[in-house]
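Before anything else, here is the set of structures, which you'll find just below.
Here come two complexes built around chain A, the first alongside chain B, the second alongside chain C.
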Partner chain A sequence: MAKTGRIDWRQLIRYGLLAGVAALYVSVIGMVEVFSQRSLITGVLTLGQLLLFSAPVLAGYLAVYKDDESQTAAFSLLKGVITGLFSSLPLIALVLLANAVNLRAMFVNVSPALIDILVFGQGTAVGVLLLLLSGAIWGTLGVIIHLLPDKTRHVVLVGLSWTLGAGMLSELLIQVFRPLFGSGFIRFVFQGGALKLWASIVVFILVTLLDWYWSKRREEVKTKMANLNPTQRRAGMGVGLLILLILPWILGTYLSEVLDNVGLFILMGLGLNIAVGLAGLLDLGYVATFAIGAYVMGLFTSTSSLGVGELNFWIVLPISILAAMTAGFLLALPVLHMRGDYLAITTLGFGEIIRILALSDWLSPIIGGAQGILAIPKPQIGSFVFRGPQEIYYLILAGCILAIFVSSRLNNSRTGRQWMAMREDEDVAAAMGIDTTKSKVLAFTLSAASGGLAGAIFASKLGTIFPHSFNLLISINVLSLIIVGGMGSLPGVVVGAFALVALPELLREFAEYRLLLYGALLIVMMLARPEGLWPSAVRRRELKGTEEEEIEGGEGAPVAVTAD
Partner chain B sequence: MREKFFERFSWVSLVLNSFRIIVIILIVVGAFNTLQGGKYTTSQWVSLSVSGLAQGSIYALIALGYTLVYGILLMINFAHGEVFMAGAFTAVFVAEAFKESGFLDSSPLLAVTILILVAAVVSTVVAVILERVAYRPLRGAPRLVPLITAIGASFFLQYTFRGLYGSGFKSYPEVAAVQGTWHIAGNDIPIVQIVVFVAAILLMVALYWLVERTKVGKAMRAVSENKEVAALMGIDIDQIIVMTFAIGGALAGAAGVINGLYRPQGVSFTMGFFPGIKAFTAAVLGGIGNIPGAMLGGLFLGVFESIGPNLILEGLGIPAANQLKDAIAFTMLVLVLIFRPQGILGERLTEKKA
Partner chain C sequence: MALLEVNDVHAYYGYIHALKGISLTVEKGEIVTLIGGNGAGKTTTLRTISGLLKPRHGSIIFEGEDIAQYRAHQLVAKGISMVPEGRGIFAKLTVLENLEMGAYLRKDKDGIAKDMKRVFELFPRLAERKNQVAGTMSGGEQQMLAIGRALMSRPRLLLMDEPSMGLAPVLVELIFDTIEEINKAGTTVLLVEQNAHMALQIAHRGYVLQTGEIVLSNTAKELQKDPTVQKAYLGIE
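Right after this comes the complex of A and B.
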């Protein structure tokens, strides 16, 4: 290891420049400018700045990460400064270059506004100095975080992430708090859709205190939770269900709409989870089942000229699920002998064929072509109509609970175990007497059911369906949420859906970069945490195994995601 | 025993065989009807086939990237379509500058060569970074893992380039030198199609020479045969893998510019998706991992896609058959994977690899 006070220049420059390139990247693709409109703490920090600064902080942290105890603190800090200075260089180059030539002709997002953000609104000369200074400061901050004693660091990081999270979700908090505490409170705490400085400090202190308290009591609470008797458990579930039932009326229309979307994706995620998570069959054409469910629902209930029969929602619901299952069954037959990559591309092909057919003039007399199907009535029970998002919510909730129930039963069933065995090694599974043909067909068929249900609800929720709603991105969305949550894990699907569907919905600035972040997330998850955020027990053992240390080392991974 | 065998396999193979028969009947009936109807003249068929060949040679160039990587790593580089897009999308800016300065019209050959080089370099860089960041750390991981990474990388690259160059469509400037037609054997054939075809063939010949005649090519073949033994022979495996990605990337970049000559419109961040999938189809069609197979598969797919809608679908009475062109390519992919997964020329593909 390095002797006391020795500076490994190459390493520092490498980390510094890498961080700088990351900062340059987020600037050039326009994230910094767009995210600067979202302020986290009024007048102090915007999301754009957070994005820019997290890279040098991380670089400073990594620069001293592997140092041993013999390093003196002063030298570590010096390393942070050096790393930080180097991390500013790519941005400085960008600023100077943008002043000299019109970069915008090629890089559309290198706007004067971006350059202004980068130089802190101070003009080029002062701005460059400020950039160097800020790089040095953030690099040092990274080192300081590393130098903190473990417990303090944990508390500080937890406090920081909650504070920043609260700042990011201010709009959501405002919507929830306004009916509860009144507008006066809102004006008192928030300003311009962000936390006021004092409020964020209060949040920070509260969270650190809570975290400190929690770390003392954690074991106690855990044992208590584990020792609950069935009645208490049932009571807990009852309370949870009650909260779920009144949720849309607390949250209001807009947030209920978001919740509905999350619910639909949970439904699809649960379905795809059977194929991908349990049986290990990577299905990229999952949107096809969703589309079939929606189109069947649309065709048989629509009151427009395309409608056939104008049947009741509740009659068509099982039909559309059956139709989706049939499609899943038919899809399964030809792909029985394919594995991995081939399966993925073939299923992707199926999904695209369905979309192209739905768009074509050939089938448009039957299913409406690009114009889609209009006038799909809302479902109703007696005189209760599922009209708005708050009512539809119950339908989706019921679907989700049903799907979760079925999935959890499947998980622990003989079939589920067969799927898992097949996922691990098909040949061995077959040798153990598992009928892989049957298992695969079953996996595809059951997996499609949930997609069909989601599609049917989707169609009657919107009232109209267009082929454009059923593109590949839906499949990718669903796949991403499964992977992020943890393949094969039911709570993982829910966590993944909230993280990937609700969050971008709430942070409008993300809209444009949503798929970029999904892509980055898929890569980072596979590299750093292939078992997902909330892994299933089996999967965790299997993927972690001997790599325990490496994953622990990836502490900075969540930061890296935002920095990308 | 015998009964049990039938019990387990017969219904699946029954379905697949009837599916096969239906497909054959549809193709025959469709083609028969169209030819019987005499809607198209011979020269129309010729021009459709020639434009199919031109399009197919572009698929073939991209397909080589899939095949090269598959040959060595046994993985499908899902993001290869985006590598193609990266080169094409970047070079369009250079092409615009060339057009403005008049360089493109005064010395078209040199200008297009430079464009191809630019695109090839950009695509190569993207492919190499992709390998380094997304694939190398995952060598030896379960197969699903690099595949998911590749899908992630594909979207990451698409939206990166959308962030860099914007979401609008751009188009390559027209090169005056390749406008117009040549009169060959009674048919008017657009010069641009001939140029595209010839350029692609030249690149493929260069690749073939590289793989078969040079030391690097020998090393590549050795690595694809057996990694451990190749390493024992003193071959740097990592370097060869990077090399493979680089060559595949360069070909894809070149394909990007050639594609721009042929179809100037529609250069955007999503342009890689369909060519990527189709090139993959071409690679599978020819037998994945097999270099001449990828070339042949590309050409075949191009021609089939070009005449298929008119020949088969119209014969079946389907209106606006050209809308279904993309569906034809996908259907073909599915059919090949079901009935002849080893492709036209492939023999290496065993059950395990598929």
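Right after this comes the complex of A and C.
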């Protein structure tokens, strides 16, 4: 680059101000203030501060990201300082403006508490200086991260994320560790629902050491894993299953409840994955199958006046699933000739129709309208009642295992091939002799099954169902978790469900901003990791295949020459 | 009896009358080509025969059976296979997986393996790239794959839509040589081509299409000598 030794002011100002505006945005919409209530490292760092500071760090990193090797470290650091300083300006403007006029008339969230957070509780004059200083420091940190050698950077970043993650989930860790190690240990490590400073340093060092060790031994461990014989493999799976079985009793009621919700979403995700991930049919009305499963279960088991037959859970369960599958089948018929956007809009409408029907006065004598269905009994086997979240967990676990088994078999079957071909190109698939009508109907029908199962379990888990539980947001949630996890990938569904359902549940502060975070997360995912967190082989090949292909191209090239 | 007999076929895209009474025959063992300019209805004819488009009027007789109302996937089982325009390979699947898809309807493993071997003999380049993702291959290789894949269903009639499109001249020649070879091995070919020059060189007979109608039909040799064809499609003044 010709600009060595000179500062590209425009670029630095742009990155700095962009980061500053991002920080300003999260402040003004109230995220910083809400997030500041969660402390990560006692007395040192809150989640709100992490949010504020990550902007200048990123800006500093980006400011030097494209520089070539010839630039000296000192020069790069200078750039980081400048970028960081600029990133503080929007926040300083906010502080000064809030002092001069009352912004709250327009921006409700610009409260004195927020301003206090921004100036580090030090008053305006000192606070502004501190803001500048912190901007410079974080900007420089971004540069330092860039300057580190690749391996070190990886280790440091992994260490940082684990430490911050542990801080963020302190409350969860406290709940898990208390019964295991006793209150003394908890008081020793945690304070005020966050890690103590020394503990966070210990976590950081431990994680970095582990990561460093892992990066050295990874290949070895992988080959060992690949060489396991079937008996060892089965033993491993047995241990895994055992852990899954005792999990709710380690985690306690609250976390089991979270786990149940995740499980229900995994069930729905696995179902929708058949339509969206395997067959490429974008279904935005998936909540309909969930609702139908739930209503059928509610209607036939409820002991209230609406109940029909007061049947046993186990008798109604297959009926719920069949009802959902029938709905999937019926939905498939009108949309056979639709593709892409048209299909998405139609299915979206289908989901809304089901919700509105459930809410309608017309059907309220049968299914209760807005009052919903009450008094749905808990399932039981013999004398064992699936009463609380810890017991229901087993039901959901069994459902998930079944759905995973069925999905993986489908994935590798002729039917899976059929769907894959159809996803790629319907006309060509037909030219291969694939009946696209049949495969579409099959995809919708099978996809609806596990939605119905999830709905049925959901109904008896809650004991009551209301139409407003079945809104569009559920469809969006399920679709998002598939995208985040990796389209068409079964482990991806599980990972995605934990990322999108468990995390917001555990970090209650996020709840209000859930949709904003979904949006941001989806954009970041599409930019940084479009194949998803745990992609299927085909999609990995498609979106991250460059290295592999270059190697193959290299092998192929000389051959091609001789062939010509 | 001809292998394929198309009688007075009319087809529409919405209100657009795309085929205005097409009639043609393909005898067993022939290469027949449809030539014509852009929008003449060549691809539409092929789509109609292959079942992707339903004719509104007329009959299509294949081996004595009217197939006009059959859908594309059913025709594959009947023995008609199509190499779609723009190649239409499964870009994310490997070469091997693409070929396996071509044999989707077949269950005879030995036969499939034999035909796979034959495709690889026909196109050694594909054998070298067996495990490569199809979308990353060159245009010529993708065309070879599309042809190879169509052969995997062991068709008695092979429909080809613009196999030369977007290919370098050397590759076009290679592809046409292969088509001749496939034909000599016993597969009847109906070939749609804009490159009339190449098509008429390998074909036995040809039809000239213009705005949805057949305006001329003759043996390929005669068509090559025909002054209107020379002027309009072969660029000879």
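The rule is short, and it goes like this: the second predicted complex is superposed on the first by the 541 of 564 C-alpha atoms of A that agree within 3 Å, B and C clash if a C-alpha of one lies under 4 Å from a C-alpha of the other, contacts with A are read in each partner's own complex, and residues count from 1 in each chain.
Criterion: contacts are C-beta pairs under 8 Å (C-beta built on N, C-alpha and C of every residue); 3 or more make two chains touch, one makes a residue touch a chain.
The shown structure was predicted, so the numbers you read here are calculated from the model rather than taken from an experiment.
Of the two partner chains placed by superposition, A:L173 touches none, neither chain B nor chain C. Contacts of A:L133 after superposition on the shared chain: neither chain B nor chain C is touched.
If you count the residues of chain A touched by chain B and by chain C, you find the higher number for B. Once chain A of one complex is fitted onto chain A of the other, the partner contacts of A:D435 extend to both chain B and chain C. Contact with neither chain B nor chain C is seen for A:A375 once the two complexes are overlaid on the shared chain. Once the two complexes are overlaid on the shared chain, A:M338 sits against chain B while remaining clear of chain C.
Once the two complexes are overlaid on the shared chain, A:A421 sits against chain C while remaining clear of chain B. Comparing which residues of chain A touch chain B with which touch chain C, the overlap comprises 435, 437.
In the complex of the two chains, the chain C residues touching chain A come out as 50-52, 71-74, 76-77, 81-82, 84, 88-93, 100-102, 104-105, 124-125, 128-129, 131-133, 135-136, 149-150, 153, 170. Interface of chain A with chain C (complex): residues 414, 417-418, 420-421, 424-425, 427-428, 430-437, 538-539, 541-542, 545, 549, 552-553, 556, 559-560, 563-564.
In the complex of the two chains, the chain B residues touching chain A come out as 8-9, 12, 15-16, 19, 75-76, 78, 93, 133-134, 137-138, 141-149, 151-160, 162-166, 277, 280, 284, 318-321, 323-324, 326-327, 330-331, 333-334, 337-338, 341, 351, 354. Residue ranges of chain A in contact with chain B, taken from their complex: 25, 28-31, 105-109, 280, 282, 284, 333-342, 344-346, 348-350, 352-353, 356-357, 359-362, 435, 437, 476, 479-480, 483, 513, 515-516, 518-523, 526-527, 530, 543.
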